[in-house]
Each structure stands twice: as structure tokens, then as C-alpha cells.
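In what follows, structures are represented as C-alpha cells.
Note that chain A is present in both complexes that follow, paired respectively with chain B and with chain C.
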Partner chain A sequence: MGPEFFILADATNSSLWSQVVRFWSFQDRAVQTATAGMLLLAISSGTLGCFIVLRRLSLLGDSLGHAVLPGVCLGFMVHWTKDPLWILLGATGSALLASWMIGFIRRHSRLKPDAIMGLVLSGFFGVGTVLLTRIQNLPVGNQSGLNQFLFGQASAISEQDLWFMGTLSLVIVSCVMLAFKELVLTSFDEGFATAIGLPVRGLHYLLMGLTALAVVISIQAVGVVLVSAMLITPAATALLCTDRMRYMVLIAVACAVLAGLVGLNLSFLGRTLPTGPFVVLALALIFVAAYLFSPRYGIVARAVRRLRQAQKTARENGLKSVFLASPHDAPASGVGLETLTKARREEPGATVRMVRALARRGWVTQEGNHVALTDAGLIRARELDRNYRLWEQFLTDEVQLPADHTQRDAENLEHILEPDLVRELEARFKERHG
Partner chain B sequence: MADGIPFIPPFDFHEHVVARWTGIEAHDTFCTVLMGALVAIACGWIGCYLILQGMALLGDAISHTVLLGIVVAFLWTGQVAGWATFIGAAVTGMLTALLVEGLHSTSRVKEDAAIGIVFTSLFALGVVLLGVFAGSAHIDTQHVLYGNLELVALGESVQVAGTTVPIAVCQMAVIAAVLMGLIVAFYKELLVVSFDPQLAVSLGLRTWLIRYGMMAVLSLTVVGAFSSVGAVLVVAMLIAPAATAYLLTRRLPMMFLISAAVGVVSSLIGYHIAYWLSVSAAGAMVSVACTLFGAAFFFAPEQGLVAAALRRLRLRMRMHQENILRHLLKPGATTEGAERLAGALGISRLAARWGVASLQRRGWVAAVAGNGAALELTSRGRNQAERLDRAHRLWETYLVQQVGLASDHVHPAAEQVEHLLSEQLFENVDDVLGHPTIDPHGSPIPRSLIADRGPGTFTLSKLRVGDRARVVGLQDAPQGLVAALTEPDHSATEVVELGLTLGQELTVVERFSEPASWRVSLSSGEFRDISHRLADVVLVQLAP
Partner chain C sequence: MADSQQNAGQAPPVEVHDLTVSYDKKPVLWNIDVAIPEGQIVGIIGPNGAGKSTLIKAMMGLIPAESGWVRIYGEPLARQRHLVGYVPQRESVDWDFPVTVRDVVLMGTYGRLGLFRRPGRPERETCDRCLEQVGMASYANRQIANLSGGQRQRVFLARALAQESRIYFMDEPFVGVDAATEAAIIELLRSLKNQKRTLLVVHHDLQTAADYFDSILMLNMRLVAFGPTSEVFTTELLQKTYGGRLTILAEAAEQVAGTRR
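Presenting the complex of A and B:
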């Protein structure tokens, strides 16, 4: 426990709100360092996480996180102090060894990849636990502070640590920016990338190496157990918000930064609680918000779209029924409400509501019990009818469905055929039937 | 090393092993090792199914999220290891599976990311609740990860059959027994679901029920093991014994047995190592289990790395020997010995010397009398060499005739294939090709030495121009039952009509190809043309 703790420890007497304010004023040295560290890690994890998630390597991130523990302990044992350089080297070496081992076991046995990763993850962690508990049982290792690497303690980040974290982050971000196009291509279409001569395996190893570095940066702040959350959750959140790779990276970094700061604040509040779990909870909340409310892929937005589509379909079906019930040679002359109700086989009240909706749309006019199509309504009704017939013809001609099987499909599709497709179908129709 | 205390203390067998099992501490030692063994056995058995069904990742997730269930149960009821804990765990386990399924089936997030998000979030929630509200639960965040096996023996105990047994051990024993019972009761269903899920669905098994049932049982096992090995190391106990067994056997019952054995051994050795080094017992157990896995990975008799390397080595040796044999067939190839062979075949001198020595041992090659270093084939060796030569040339013919490769492209492929396929297969190739006598380069193909029924009896199709033979019988034409009933085989009648009666002597005078046929002259001087189909049926013996 360094001097930084005392600055905040005396804040336990003040109210929660004043502690929050104090945090966000960034006056405390400890807060400044911790925030800087958190920002660095948010940038590197957010960026790399996008590629990890797209390549379905999420479990690998988890494995590497747990696998650094033995390396951290060994690094500590070099000078029996938390020397950031050695801890970093140890962690990186451990992560790279684990990643090599996963590949090796995979190539030479018939175990499935998820079992191999789980085994390496927990095996390395087991060895790390042995080292950790041995160190802690020695008098010199009792105050090692190594246990903070389990769940993270951002307030224990020293300025020296910041230098290393900064350098590594720089390396990560520059590599990603330099190889951005290649990394994106190999994430989406490996076959094509190989065909045009990109070093696909080399890029894969590069990504693994950078992930190891990102993991090493993160363990101080969020701990080995939860580091995979820093990689996966912001990227998944961004995935739900956008289709463009650039924006995905930006959004992921933004989420990571926001969650990191909020989590940091929560863990600073009056007690020395580990940072990792709070950051992860903040990430989870942001993810849930995106899952529900993302304008494109959020559950709410999708439900609204579905509802609108259903309403549109119902309206257009209503329009068609008016059109079909009107006299064939003079459709604009309209039809009586009772006839309409009978034709639609529903309650009179429902017909009235439907007609009112059509009138609101400007497709029909209603006078007493008589409903007549407007010009606009007539045009749209004819379009629907034509789409229906076109699709029916397509199904009969090209798909070779028997004539009595085409009705339901055509009834569904008439509402969603787009003008381009309609033109193409018409051209085909002319070709076939003159 | 540090402050005069060595990092690795000296190992004293008596103090660290024997003394644990004698005296007053024996009971505690026994309880601790027993707990470890029960945890390992139960986890190992479930782990077998996790590995087979590819659900190790979900198992990893659930073992983390049960912490949330445990903490919530504690906050609700104050119990740390009571019935509420187990219910809480089972609920969280199934909740995890449901959330993962819900997440990845309703959004663009793929399954692996969904698992990662769900389990880290729930686990983080558990840790936060633990740290903020549950300070009195005697669960510290560190031990959440790797447990505290050593304390199990000191926990609350009950009297069972005259001895005091810690409650945790009883609970684990019950869990292990229930697990064994479920496995036995549902053995067939679990078998089908694990190895052929689609068959299971088509048989009407409710795979979703079995799957969620497994999640629930997994959660219960993890909770039982929680206080001993923690959330992260339990994953090792789920996977390592099962993975070791997977590499050592291909039979499921054996897999259960081996994983249980690995578990017991890990617990025993791990406990002693932990006592000696003053480290976490769970960590030591996991390290031992992983070492055993490593041993199996390298030394398993069938699937191990060493065994595979040996197989490859043996194959290469055999190939070298066979190449030497074929090389010695070439005219004027009695060579100056192994060195020249090495050069000619492009292999190392050591490989050549080894190959020659093996061939000499088998009596296929001998030193030329009078010329010390030179080698020649014995008559048995010549037979062997000609078999290989035949295989090589048949394959070249096949590649050119049937596959359509150019004749200058086929040599390397045939060099490889001649070693790998069985002789019977080459006989089939020969038949498909119409029993050719010349290869694509114009060299003769050695004749087949395989008898068809009894020594010295061959089908007519194996005869070459100039052969004299006597008809001795008919080969049963292979024919399915349906064909036999609907299209009865008339070969016998046709053969007799041709004049090829039993004992008939004939000489092959000409061979045709496309379609393959044999022209024979009978003892009466008449000529007959025999089709491929009939030639495959007539059995002859060569005249001496």
C-alpha cells in the first residue's frame, strides 16, 4: 500500500458524491496515473478486440489472460520486487509460450480446440498459483502485491509502469494502423487474402503477439481473470452499432474508455476494492444498452421495424381487398362496407378501422357506407396486383411450382418487391410470353 | 535465495510423505486427499462428456458464474455450503447457458464472444457482491480462484459410521455418487447425444433436456468443488483427466476409468507436493494433472507424439528398403554397396546402410561372392522386388489410362504409392485396367504372383502370351443375392460352350486390349477368343 492510498483513504469520511466529484476533477496523482493507465489499456484492448471478435478468437484472449500468471510470478522473482520491466517480460514470455503450446497440441492430437485452450488456460494458471502461493508464503514475498494481478488494482500502477504501458500501446496501435487493411481483409476473407499473396499466417502470428502485449498491459488494471472482457465486450458492443470497420474500432475504444473510467471511479470510492470487476460491470451495462437500443441492430429497433412492416402489410392487404371487391371494369366506383366485410370475413368494426387507416393514408375516400379508391390508391393497388402476378408467374416459370402452390408466397412477396426487381421480372415475363 | 530461505526447500521423504500418514495428522491428511480425489473423479467424469461434446468452453464459463449463485445464496440465506448454495449454483448454471443461447441467437454476436461476455459479467458481479456485501462469508477473492483444499479437513464435520468426516467431503461424495448413478442410468442416451447428436434428435431424444440437465449437474459439481479448488482451477480438473484419458483410449468406459485414476493420482501427489513446498494444494493438483496429460501427449501408445514419430520412422525405413530392392532390379545394378546406393537413391548413407542390413537379415539381398562390397538380389529378394515393380508400373498405367495424366508426370506419384497400397488393391487395379502387360513407358509389367485358389492356380486373365496351361475349374463370380435371382450367371455354360472343359490344355497366343481379350489355341488346334469377364472366371494351372 503506497502513499497514494492515504490520499484517498481519508476521503472515506466524506460523502459519496464528493468522492465522485473529487475523482473526476483528476487532481489526485493516483487518479491521474490510474486514469492514464486505463486509457492506454482501453485503446489497445478496444482496437485489438475488434479483430479478436471478428475472427472468433475470444477464448484465446481468455486463455492468454490466465496464462500470464506464471510469467508474472517468475518476473517478480528476478529481483523479488515488482520491477515492471521483468514482470512485463515474464508475462509476455508466458503468453507467447501458451499461445505456441495451444497451436502445438492442436496440430499433434485429436483434442478439439476449445478443450485445448481450456486446458492450457487452467494449467498455466495452476502453475502460476503454485508460484504465487509459494512467493506469498515466503517472508520476502508476503508484501509482494502480486495478488493484485488477479483482479487488478489500477491505483497500484506506478509511473514506471505507465512508461512501459505507453510504449506497448504505441507499438500495438502503430502495428494495427500500418497493417489495418491487411488485418481487415484476412479477418473477413482469408481465401481471397491468400490468393492475392498476403502473408496470412504471419498476420495471424502478429495478431497473437499483439494480443499478448495487450493482455500484459491490461493485467495491472483489470487482472488476469477478467482481461478477456476488455478484449471482447467493447468490440461486441461496437459490432452491434455499425457495419464499418473504422467506426467499429472507434466505438470499441470509446466504450472501453468510458467503462474504464466509470469502473475506476467505482473502485476508488472509499475502499480498496479491485478495479477489474467494476470495469467489467460497466462494460456489461454498456453492452446491454447497445444490445437493446442500437439504432440498427438493437432489439428495440428491430422490433419497431418488424411492427412497422406488419402494419404496412396489413394496410396494403386492406387496399387490395378494396380493389378486388370493387367492380372490375370501374374500380374507382367503390364498394359498400357490408360487401367489404363479407369479402374480408371479419367483424364489421375491424373493416371500419381498416378503412379509416386507408383513408388516413389517402388511398380511399369514405362516404357513409360506401368506400371508393382514390387515384393514388388505385395506382398502388394496381402495383400490388401486378407484383403479385409477376411473382406468381416467376414461381411457375422458373421455380416450377405447381399453380396451386404459388398463392401464399406471392401474397407475401407482393409487398416487398423492389422496383429494380420488378423491372427485371417484367423483362423476363415479356421474354417468355411475348 | 531470498532471506536465506531457499525457494525450493529440501525434500525429506519421511517428513513430507510418511509423517503425513502416521500419527494424529493422518485423519486430516486422509480427508484432504479424499476430497481432492472426489473432486477430481466427479469433475473428470463430467469432463469426459464435455470434451466429447465440444462443450469445454461452456463448462469453463459455468464454473466461473457459479460464484454469483453462491454469493446470492449466501446473501439470501446466510448459508455458505447449504442446500441454498446448491440451488443457487444450479440456477446460475442454467441461467448462463440460457443467456449465452439467447444472446447469440438474437444478435450478430457469435457464440464464443457471447460466452465470454456472459461469464465475465456474471463473474464480475459475483466478485463485486462478494467484496461489497459479503465480508463475513470467509470467502476471500483470491481463494475464489484457486480454492482452499487444505482447510476442508478443518471444517465442520459430522459423524459417519464412527469416524468424523468433514461435511464438504460428504457433500462431494454424494455428488459423485449421484453423478455415477445418472451416468449409469442414462448411459445410452448420453452416448448417442455425445457422438451423434443428429441421430439423437431423430430418435426422439430430447437433446435440450439432456443438455440443460448436464449444465445443472455440472453446476452442482462445480459448487461442491468450489471451496477446494476454486473457479478457475476446477476447469483444469474438468478437462485434464478427461483429456489424458482421451489420448490413451478410444473406448468410453475405459475413458471414465482412466480419468478417475488420473484424478486420484493427482490428488495424492499434489497434496504431498503442496505440503512440501507450502503452496496451494489445488494448484499442485492441477500441475500434477497437467504433467500426466503431458506424459500421455508424448508417450501414449497409439496417439502419443513419440508413437507417431516412430510410426513415421518405420514407414520411411520400409520405403528406403523397398526402393533399394527396386533399384537392384535394374540391369547391371549390382553396385559397389551402400554408399553408391545412397547416391543413386538420394538418401543418406546411414539410411542406405541400415536398409541394406535389414534386407540382408530378411534374406532378400546378399553380398556378391568374390566382390565384397557389391550387393545382389537373392531369388526371394527378386520376387519381392518384382512385386514392387509391378505395383509401381500398374499405378503409372492407371494414372495414364484412367486418370488421364501425361506419361512423364506419373513417376513421382507411383514412387510414393507403390509403398502404401496393399497388394490386393493392386490386383483390383490390374483388373480394372484389363490386365495390361506394358506400362506407359513401354516397359513390361511383371506378372502377378498371387494365386487365386490354391498354390499354382490362377485365373486365365493372369496368363501372358506364350503361357501353356490346363483348365482346372471355375472361380465363383461374385454376385449379390438379388442379381443371382434376377440375372442368373451363365458363365459356366458359356465357358463350356467355348470348349474350355475341365482338363483342357491351352496356349495363349495373343493378347488384345480395349476391350481386353485373350486368344488361346486349344489342344485341338482351334482358336478361341476369351473375353475379360470369362477370363476372370476360368481357373488354370500353368504347365511346368
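Presenting the complex of A and C:
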């Protein structure tokens, strides 16, 4: 263990609570450094991850993550010490070599990209593991902390590392901000981007280069194995929460920062636990939360919307049944509950509940056993009845379905037809029937 | 700029000489020669696999040519990109992408804006005007996933309008759109034509072809015919274009590809 590592580990003697306080008060220098590093890498990978996910390059991000390991080891072997400059150069070099190899094999073989990336990813990782094992078995004293590159240890970030991370993050964020519109356009529609003369290839390599940098600054704290989660999960979470690119980037960064801090805190509480798995765990929890509870695309929201639609359909069908059971020449005069129950072929209790729901809506009034439509109820009922007939007529006239096929469809559609379409149907009806 | 303006008087909007294009090492277009006259709506027709999309993509430099050249108003394409507008096939993009209708139309102004510059008020005004022209003004803030096929096509057209180009390449703009959109599109194309713009439209519906286009380019791996619709839209030439594949060309292409793999 490196000396900087013990500064954090010492704290485990005191109570859990006091450690939580010690972490979140950020007064400890080691906590400060680790937190600053985590923030920098969360911002960088959260931003780039959005483009990686939208361009369907997630697997490439994973490959690059694994591919840096041999470079990290070679960088260490230059001076047999954890010199951040050489480790950075080594990592960048092997990430670039890996992405070049993926392109090369693709051009000169019949293999498809997923197989090629799997091949390169595992090959590089294998070489890296061999080198790492060799280094750890050598009788030099400086290799401590190198194995932390596998699963990450944020407390191993030195202040010197921090300067590197800060510079690279600045490069990443300013490049993305500068070329934001170009990156969005090439990700959305490459053909159009080429046609208007954007340097599409250059932008692709820029993005790949920046991703390699983001991977490099992430491996110290998150580790090569899990670094792709830092790119992919925040972006995937953000895509479930918004339909705007700008907000997607902001949400992704927020998720990455939150997960980074929570993961850091958890690994800090547990003495020598690696940081990466906790960060990824926190990311996964945030993703699950978004998957369940996102207002637009979450499954809870979707279930609620479906339920509301079902209720609306049931309510409107109820309204229509009151309308149809009432006398045709004076629909507002109403109908007896018993007649209604018979017309609806259901239990009396169900009818009572239905009428109560309609009354809450202001569509009917109930006096004793007599139910009558209000003005609002009558308007809506006529509207529904007309939509139903229009649609049924359309199906018979233009789709030419036989009459016994049209009813079910019409019953479902009258509740969801939008005004525009109703007008169109009306126009067609007038054309045919005058 | 002054040069290209001058040339515009004489040189045709699009001139293609001896263009051969391969896809995945297999030649799909052989030795195309054509000069498109200004201010016309030109239909490109031919059977599936005839290379219609490939031709317009090669004309815009999206696919590298094996041989031959393309000139836009007498100049190489690289210098004339600002004169070229493009409506890609609708299926070529991911409509779940997190952008709004306005974002997409604004992309039409990016070529003029140049690298790294943000769209400002003039660009947004152009964008609103173009949306108005295609009848989509009220959809500006919608996410593109919620649009119908016809609405998506209108968004792509609005983006092309925002390019304010003199030549437009359109890849199957009429495919899978409702009748109202089809009518709106053809009306729009005609009004562009009246402003002396030149339009090249990939099309596959022979029923409407004679009605829509001033000239027709018939394609089946090589140029079968090009000329005013009244002259080339004949049973004989249609049969030549559609009747049976040109087995020799197709087989030669396979063999060329075989030697290159």
C-alpha cells in the first residue's frame, strides 16, 4: 500500500457515522483530492458518454477501457515508478493502437464489428494482465498501487495526478463545447453532415481521441474493468429522462457526479475496498431508479398512463351507455338505474360505481334511482357517439371492412381520435354522403 | 465566389463525366455521363439495385468515385458545397435521437455558419420560415420521435430549405408519405423550380413520374436515357430500363469484386 493510502484507512477506527461526517465535510486533504479527481472524471466521461451511446459505440468504449491496461504497465516500466506522464502516454498509445486495429481488421476481413471489438478487447486485456503479473513479481518496491488500476482506488490519486486529470478534463470539456453542434449533427445524420462539408472523419477521430483521454483519467479511480460503465450508464440514464441533447449531457454529468461521490464514500467507509465497483453500483442504482420512475419513459409513468387511458375509456363507455339508454328524443331527461344495469349487462353495484364516477366528473346527476346527463355530459356523449359513427363509416367506406369487423375497432378508437383526424373524417364523410 | 457566379451563367448545375462507383468493391454504376440543365425537376428512376441513391450520393461526394468527375456549376464539388442541398432517405437516421424539430431544421444552416459558430437569431428566423413553408410551424418544439412518416419527410424538406441551396438532391422523398404530404411536397418542388433551383429526385413510382418531372434520368447500373420527359418516358425505354437485368454488367461486377477481395 502506498503511504497516501493509509491517510484514509486510519479513519476506520472511529465510528461509521463520524467517518460519514468526515467524508462529506471534505476537510480531509486526502478526501479532497479523491473527490476532486472523481468530479473531474465524472464530468469528462458523463459528457463523452452521451455521444458514445447515441453513436452506438458503447462496445467501443468498453474495448478502449480494457485496451489501456498494457499501455499502463509499459508506462510504469519506463522508470519503474507510477509516473503519471508515462502512464498516461502508455495508456493513450495502447488505446489508439486498439482503435486502429479494430478499424484495420474490419477493412481487411469479413468479420463484423462486435466480433472484432470482442477480439481486440480481450487480446489487449490479456497482454495487460500478463505484464501486470510480471511487474508485481519483480523485486522492485514501487509497483504498489499498480494493481489498483484494475478496479480503481480513488484514494491513490496524488496531487500530481490531479493536475493531469484537470488539464485533460479541461481539454475534453472545451472540445465538446466548441464542437457541440458538429458532434450532434454527425451523430444524428452522418450523410447530411458530409454533404454540407463537415469534417466527419476528423470529428469521429476527435471523439475517439477524447474518449481515450477520458478512459485514461478514469482508470486510477474506477479501474480498467469498469471504466466503460462510467461512459455508458450515465448517458443511458439521461436518455431515459429527456428528449433534448443539451439536457441529456447535463443529466449524464449529474448522474456520474452523484454516483462518483456515493461510490467514493462507500469505498472510503470500508477501509481498503476498491472504488470502481461502488461507483458502478451507485450508477446502476440510479439507472434502475430512472428506468422505473423517469417521468416520460419510466415504466411506472407508462403504467400510470395506460391505467389512465383505460379509466378514461371505461368512463366514456359508461357515459355513452347512459346516453344510449336515455330516450332518443329527450336525452337529457335521463334513465332509471335498473334499465341502465340491464342495458350494460352487469351487476347493479358496478353500475352504481360507474354512475358515481360520472357524477364526480360532472357528466351526470343522480336523484334516487334516476340518472340524467348534464349539459357537459350530453356534449361529450354526442361527440363520442359521432366519432364512433364517423370511424365506423370510414372503415366500411374506405377500408371496406365488412360491417361485423368494424365495431370493435371503432369502440377503441373513439376515445383517442384527435380533433385534426376527426375533422378529416368529417370532410371525407361529407364528400361521400353529402 | 465571383468566379463561380460567372460560371453559373454557362456551366450546367451538375455535370458528371465517366463516373464509375463501387460499393464494397463491387461496381454498381458504370461510366455515367450526364449534364443536368438548370431550373428543372429531374426524376431519377430505375429498378431496385439500379444505383439511383448511389448516383446522387456520388454526385455529392458521399461515396468516393472509382473514376470520372463531378462538377457543380463548372467547379469541383469541394468548392461548391454551399450550393448543394440534400434530403436523405428518411430511414437513414435514428428518429429516437434526442433532438427537436427545430434542432433538425437548424442543421440546414450549419453549412453557412461554418465550424464552431452557434446558430443565432437570423438562423432561427430562417428555420421558422422554412417550417412555415412545409406546414410544420406548430411542431417546432416536438421531439422528432413523435412525428408521422409524412411529418418527418416535411422536417427533412424544411432542413433542406434552410440550406438555401441552388441544387437539391432528394432521395425518395415520396416514399411512405400520406397523400396530403405528397401534394405539399410536389407543390414545394415546383415553387423551388420557379426560383430557378435545380432538383434531382430519386423516385420509384412510375405512375406519377411523367406528371412530376420535367426531365427523367433512367438508370440501370448504367445510364439508359436522359432527356425531357415527353421524349424519354416511352414504353421502349422503360422496357430497356426495367425489362430484365443486364446480366453481363451484373456478372462482371461480381467478378471484379471477387478479384478485389
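Remarks
The rule we apply is simple: the second predicted complex is superposed on the first by the 412 of 434 C-alpha atoms of A that agree within 3 Å, B and C clash if a C-alpha of one lies under 4 Å from a C-alpha of the other, contacts with A are read in each partner's own complex, and residues count from 1 in each chain.
Just so we're on the same page, a contact is a pair of C-beta atoms (placed from the backbone, for glycine too) under 8 Å apart; a residue touches a chain by one contact, two chains touch by 3 or more.
Predicted model, so just to flag it, every value in this text is computed and none were measured.
Contact with chain B, but none with chain C, is seen for A:62 once the two complexes are overlaid on the shared chain. By the document's definition of touching, neither partner reaches A:264: not chain B, not chain C. Measured by the number of chain A residues touched, the leading partner among chain B and chain C is B.
In the superposition on chain A, A:425 contacts neither chain B nor chain C. In the superposed pair of complexes, A:239 makes contact with chain B and with chain C alike. When the two complexes are overlaid on their common chain A, residue A:191 makes contact with chain C while staying clear of chain B. In the superposition on chain A, A:178 contacts chain C only, with no contact to chain B. Residue contacts after overlaying the shared chain place A:229 against chain B, while chain C stays out of touching range.
Of the two partner chains, chain C is the only one that A:248 touches; chain B does not reach it. Overlap of the chain B and chain C interfaces on chain A comprises residues 239. Remark: chain A residues 53, 56-59, 61-62, 66, 77, 80, 105, 108-112, 114-115, 117-119, 121-123, 125-134, 137-141, 147, 150-151, 225-226, 228-229, 232-233, 235-236, 239-240, 273-274, 276-278, 280-281, 283-284, 287, 291, 297, 299 touch chain B in the complex. In the complex of the two chains, the chain B residues touching chain A come out as 2-3, 5, 7, 50-51, 54-57, 59-60, 103, 106-110, 112-113, 115-117, 120-121, 123-125, 127-128, 131-132, 141-142, 145-146, 232-233, 235-236, 238-240, 243, 246-247, 277-280, 282-287, 289-290, 293, 297, 303, 305, 308.
Across the complex, chain A meets chain C through its residues 54, 178-179, 181-182, 184-185, 187-189, 191-192, 194-198, 239, 242-245, 247-248.
Across the interface of their complex, chain A is touched by residues 57, 60-62, 78, 81-82, 84, 86, 88, 92-94, 97-100, 103-104, 107, 110-111, 115-116, 118-119, 143, 145, 159, 163, 169 of chain C.
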